[in-house]
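There are two complexes below, and they share subunit A, which is joined by subunit B in the first and by subunit C in the second.
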Partner chain A sequence: MKRDCQIDILTFRLGSEKLAIPAEYLREILEMVPITRVPQSGSFATALINVRGVVVPLTDLRVALRIPHSAATEDTRVLVLDLRNGDEKTTVAVLADQVEEVTIMNTADIGDVPPVGSPWPPEFVLGIGRHRGAFVMFPDLDMIFKTYSAADAVNEKVSA
Partner chain B sequence: MSEVDDIGAEIFRQEATELLHSIEKGLMDLEARPSDTELINSIFRSMHTIKGSGAMFGFTELSQFVHEFETAFDDLRNGRAVVTYDLIGLSLQACDQIGKLMQSTEGTEAENRRILANLGRLMPTVEADAPTATQDTAQSPQPVENGPSGNVMTIVRFWLGTDALRLGTNPALLIDELRGFGDTTIRALEDRVPTLGDLDPTDCHVGWEIEIAADLSDADIDMVFIFVRDDMDLTVERRVEQLSFAPEAPQSLQAPIADPGTELPALPKAQPASPPSAGETMRVATERLDELMDRVGELVIADARLQALTEATSDPAMMAVAEDIQRLVAGLRDATMSMRMVPIGSILGRFRRLMRDLSASLGKPLDFVTVGEDTELDKTVIELLADPLVHILRNAVDHGLERPEERRAAGKPETGMIELGARYSGAEVLITVRDDGRGLNPGKIRERAISRGLISAKDDLSESEIFRMIFQPGFSTVDKVTELSGRGVGMDVVMRTIGSLRGEIDLASEPGQGTTLTLRLPLTLAIIDGMLIDVGGERYTIPLAAVEECVELPAQHVVSSGGSSYLNIRGDLVPFLRLRHLFDIDGAPPEFQKVVVVSSTGGRVGLVVDRIIGNYQTVIKQLSQFHAGLKFFSGATILGDGTVALILDANQLVMLGRDLELRARRGVAA
Partner chain C sequence: MTLQTSAPKGFFRSLSSKIIALQALTFVAMIVVGVAGLFGMERILDRMETIFADRIVPVQQLKEINDLYVSESRIIVDAVWAGEISWQDASTIVDRKQARIEELWGAYLLTYLTPEEVILKDAVAANKGAADRALEQLATLIETENRGIVRDYMRESFYIAIDPIYQSLGDLTQYQLGEADRQTVAGQTIARQTQIVISVISLLVILTSLVIVWVFTNRMKRALASAVRLAEGVANGDLAKPSINEAMTKSATCCRF
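Right, the complex of A and B next:
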């Protein structure tokens, strides 16, 4: 991440953690919608939802970040994100237990993940920021989605 | 280059590419029917269009090259040269060169010269012209201008057909083209213009007389009028102007064609008229069709919602309207899909060229037969098919066919046979590539698969399972890697592409008799008729084309038991799968479960479901990369109430059923 510039971020809660993602990834925030379970799809991308006529996979970052699972509440929201993988654009949805705010953060306030004592898998975390006296974690969305889409393919090969 | 020019150039490239394909096709047809003059003429017309519009969009080198190519071809047209294998080969190279020149002219000079020189060797007249062709950088084709004595004037008089203007002919362009030959004097001929009372202003009554200060051959003039020749009056006169004396010296040789200097035969008056009939077809960008298809897809979904709502209201007036709309939407859907259908013949032409080249470079004479060229498939499918088919055909020639001497030794004709066929079968299109070569050797494939660790020596595989090994990445049984195939990269690419089209590949082979490879592809990628079913409160769609029948689950199977999982359907044993079990659904099933029997080429399997909801038009949405690995689903769709339902992949389920059956049989045997 570049030093000393301001970025728009969206902060939300997942379990007891506070997470942030750059707002440019965000397409829209939906209230909980009817979901369609996909059998045998593992634990990360377990369902499909209809976002304005487009079928979008619904994923759970808690699986990648090893955050304990909790049931949906009335605060649960679906964040629809556009990911760019080279030239390809993928639309995915992620669950959030509670959406907090869109705000501005100085990149200077974002630090590296401490090498020890971090509860999250370090390869999936871009950095830790400090915002209003609390820590916010920046998940590495590109890495997470890349890993899990590749993981599926690998599982498929093994079982075939 | 301005943006407009760029667009123009792009359109030119597109059109020229199509014309090139038709020239290629024509050349190969010509090889089979060397005396077909209409074929030669049609090749000529295509070349001329490329030359003309190429010059218009600034492709000077290209149009220069085509001009020379055309000149060479003229000898064929007037019978001074004959069609030979080498000539066609060289002409095909010239086509490739035109393709290159369309993209860039850099470094093409040497190749231009080589092709033209070779053409010249085969055709007597070009030889003299070839050197000028490469040095001559002038814009327009310059014919030999100096007659032996003084200046020769060519006088062209022409009247276009009365409806020429309505058909879009622009006389000014024709005159401009004539102007390009040298200094001209142009006079309008008004004697055929009727009186005002009889005048239809959209008719073309005016003729033109053009004196050109050049000695033009009939062929040169013919070229200018090639597209309008059938409906016009044309006279050509030549006059030698004495340098100092009266220009009207009575040396003129009267029309129609009287130049003793050229040995051209009279203009082929009876050229069957085949001007492209404008207005019957139009070009539409593929993106627009895609957009239309998307809209129709949304409409189908909205219609499903309407139907769901109407059923709830049970208002008769409302239901009548909803029914009308449903019918209209279905019609619109079919019409839209048929617009996207393209005959597979549109890509077969390319393969004929490929086969010709392969046959020559591998020294294996072969007949390439195509069957069912008018079988139609979705345009996207056809485009994606081209590459896999190239791989398959290459393999067939390279590995499938034996060398001529081997064939002779095996008592077969030396000329091999490759057949590419397409036909409909239910909701699928079957594309087959058949060769009469040596066939696959299951033993050798098995050995190779074991040595590569793909299977273990103990594995008991059926013949078709062994054949499937050739689709594994990096698999090749040839000991010698050729330039064309044998590196083992081909077939797994084929497998992947066909898989992405929701298609399947079957292989059959008879040692010594040849191999048949069959691609089974869905007719369309966009919308299908589906049967909606309910399993444990979840809804799934089964492609209706795969559904054979629905029966009640017999009482003895209601409680799942470890024992037999076969249904007796009119004496046939059909294995069945409990979707509740397959999809990990807990809870007790309802009292009366149904079995949907689906079939594919692999066989039949029964799917036990809770409830059959009904038939729905299903807009297929592709699954994302996170779910692409799931075998039992071929896609997803959006239902009338806005929820998503998964589409079951009948082929995969049938295969699973067959595996279970085999396992059960082995279990019994053991």
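Right, the complex of A and C next:
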């Protein structure tokens, strides 16, 4: 994230934290939809949702980023994201306590996570920026989903 | 006394002529290297400008169009529900967003489109009508100021209408990024070729100059050694006429090299 260029980001809140993801990942913003709990699943991807006939895992970034859990409110939204890995596209849904805005940010304004004093696991954070007077955290979605997918696969093997 | 010399006739007779010729050769070679470098740099610059104007700018435009369809409308509705903006303002903002989409799409259509891109662009254009109608419908429903109707519309219909253009805009953006990558690689190839051409010409110039200097100095050294030998003969009392003539000829030859 060090190259100096502008990116479109979507900012949202998880608890008291302000997060940002590249807007290009975003496919839909939904209100809370009926969810189907998955038995014996971890706390990260606990449920499935139906997005117009497509079953999508619903995940909670709070678990990966160690953000305290809070109950759903009227402002809670489901962000349906398309994560691209080369030609491969994976659709996932993440919970957001409140969606704020789509805005432009300069990558030069995004810094590294401080090695000391950061409340979030540094391996899951791409960087921290400052926007409208507040810190904005950029979660490393690829790393988070890769790590938790691998963990799920191990759990499945253990269960089997 | 007649000087007899075996030195070449014409321009290359004198030492200064040869040095000037060597310098001129080096100078011309350096100009060739400079022109080749300049030509290569201009081609690379052209390539970079093309990538920026025909690929990077369109990617930004397409991404913004996508954001306007996918995210902004939803955020406007949320802002109305949260009381951050009025229903009238929301309707006006949706209208403004529609105008912005048209502006961006028009600007995108003015960029250079490859044949493959035209196919992808046509797919976007085919889906754009439904997406535009969805935005118009949203603006109309916002004007009713009825939260229930807007909520139902957003839940049940809005993204169904938006999804096709989201998909086709994604394909078009991916194509742009792939094309930008290909053109960047082509630009890097030109840069490498230019580097090779400049390096080869420079090496040839250096080698040629070294060979010429070596030939000149060798011939000068031979002539000087011969002149010294004859001078020593004269110093030792050998005043035979051929020796003197030869000494003068060698000196003259030496000066010419």
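The rule is short, and it goes like this: the second predicted complex is superposed on the first by the 155 of 160 C-alpha atoms of A that agree within 3 Å, B and C clash if a C-alpha of one lies under 4 Å from a C-alpha of the other, contacts with A are read in each partner's own complex, and residues count from 1 in each chain.
In this text, a residue touches a chain if its C-beta (ideal position, glycine included) is under 8 Å from a C-beta of that chain, and two chains touch if they have at least 3 such contacts.
Quick caveat: nothing in here was measured; it's all calculated off a predicted structure.
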Task = Sticking to the clash and touch definitions up top, decide whether subunit B and subunit C on subunit A clash or fit.
result = fit
Query = Which holds for A:Thr36: it touches subunit B only (first), subunit C only (second), both, or neither?
reply = first
Task = Considering only touches as defined above, state whether A:Val102 meets subunit B (first), subunit C (second), both or neither.
result = second
Ask   = Given the superposition on chain A, what is the angle at the CA centre of subunit A with arms to the CA centres of subunit B and subunit C, as a multiple of 10 degrees?
value = 80
Request  = Could you let me know whether more residues of subunit A are touched by subunit B or by subunit C?
outcome  = B
Message = Quick check for you: in the superposed arrangement, does A:Leu10 touch first (subunit B), second (subunit C), both or neither?
response = second
Task = Go through the superposed model and pick first if A:Glu24 touches only subunit B, second if only subunit C, both, or neither.
result = second
Key: subunit B versus subunit C as contact partner of A:Tyr148, first or second or both or neither   = first
Request  = Could you look at A:Ala45 and tell me whether it touches subunit B, subunit C, both or neither (first, second, both, neither)?
outcome  = first
Query = Which holds for A:Val54: it touches subunit B only (first), subunit C only (second), both, or neither?
reply = first
Task = In the superposition described above, what is the shortest C-alpha distance between subunit B and subunit C in Å? Please give a whole number.
result = 11
Note = subunit B and subunit C footprints on subunit A meet at residues none
Note = Listed in rising order, subunit A residues that touch subunit B in their complex are 34, 36-41, 44-45, 48-50, 53-57, 59, 90, 92, 145, 148-149, 152-153, 155-156
Ask   = In their shared complex, at which residues does subunit B touch subunit A?
value = 298, 301, 538, 582-584, 621, 623-633, 636-638, 641-646
Subunit A residues touching subunit C - in the complex, by the definition given at the top = 8, 10, 23-24, 26-31, 52, 74-75, 77, 82, 99-102
Key: subunit A contact footprint on subunit C (complex, rising order)   = 63-64, 66-67, 70-72, 74-75, 78, 81-82, 151, 154-155, 159-160, 162-163, 166, 170, 173
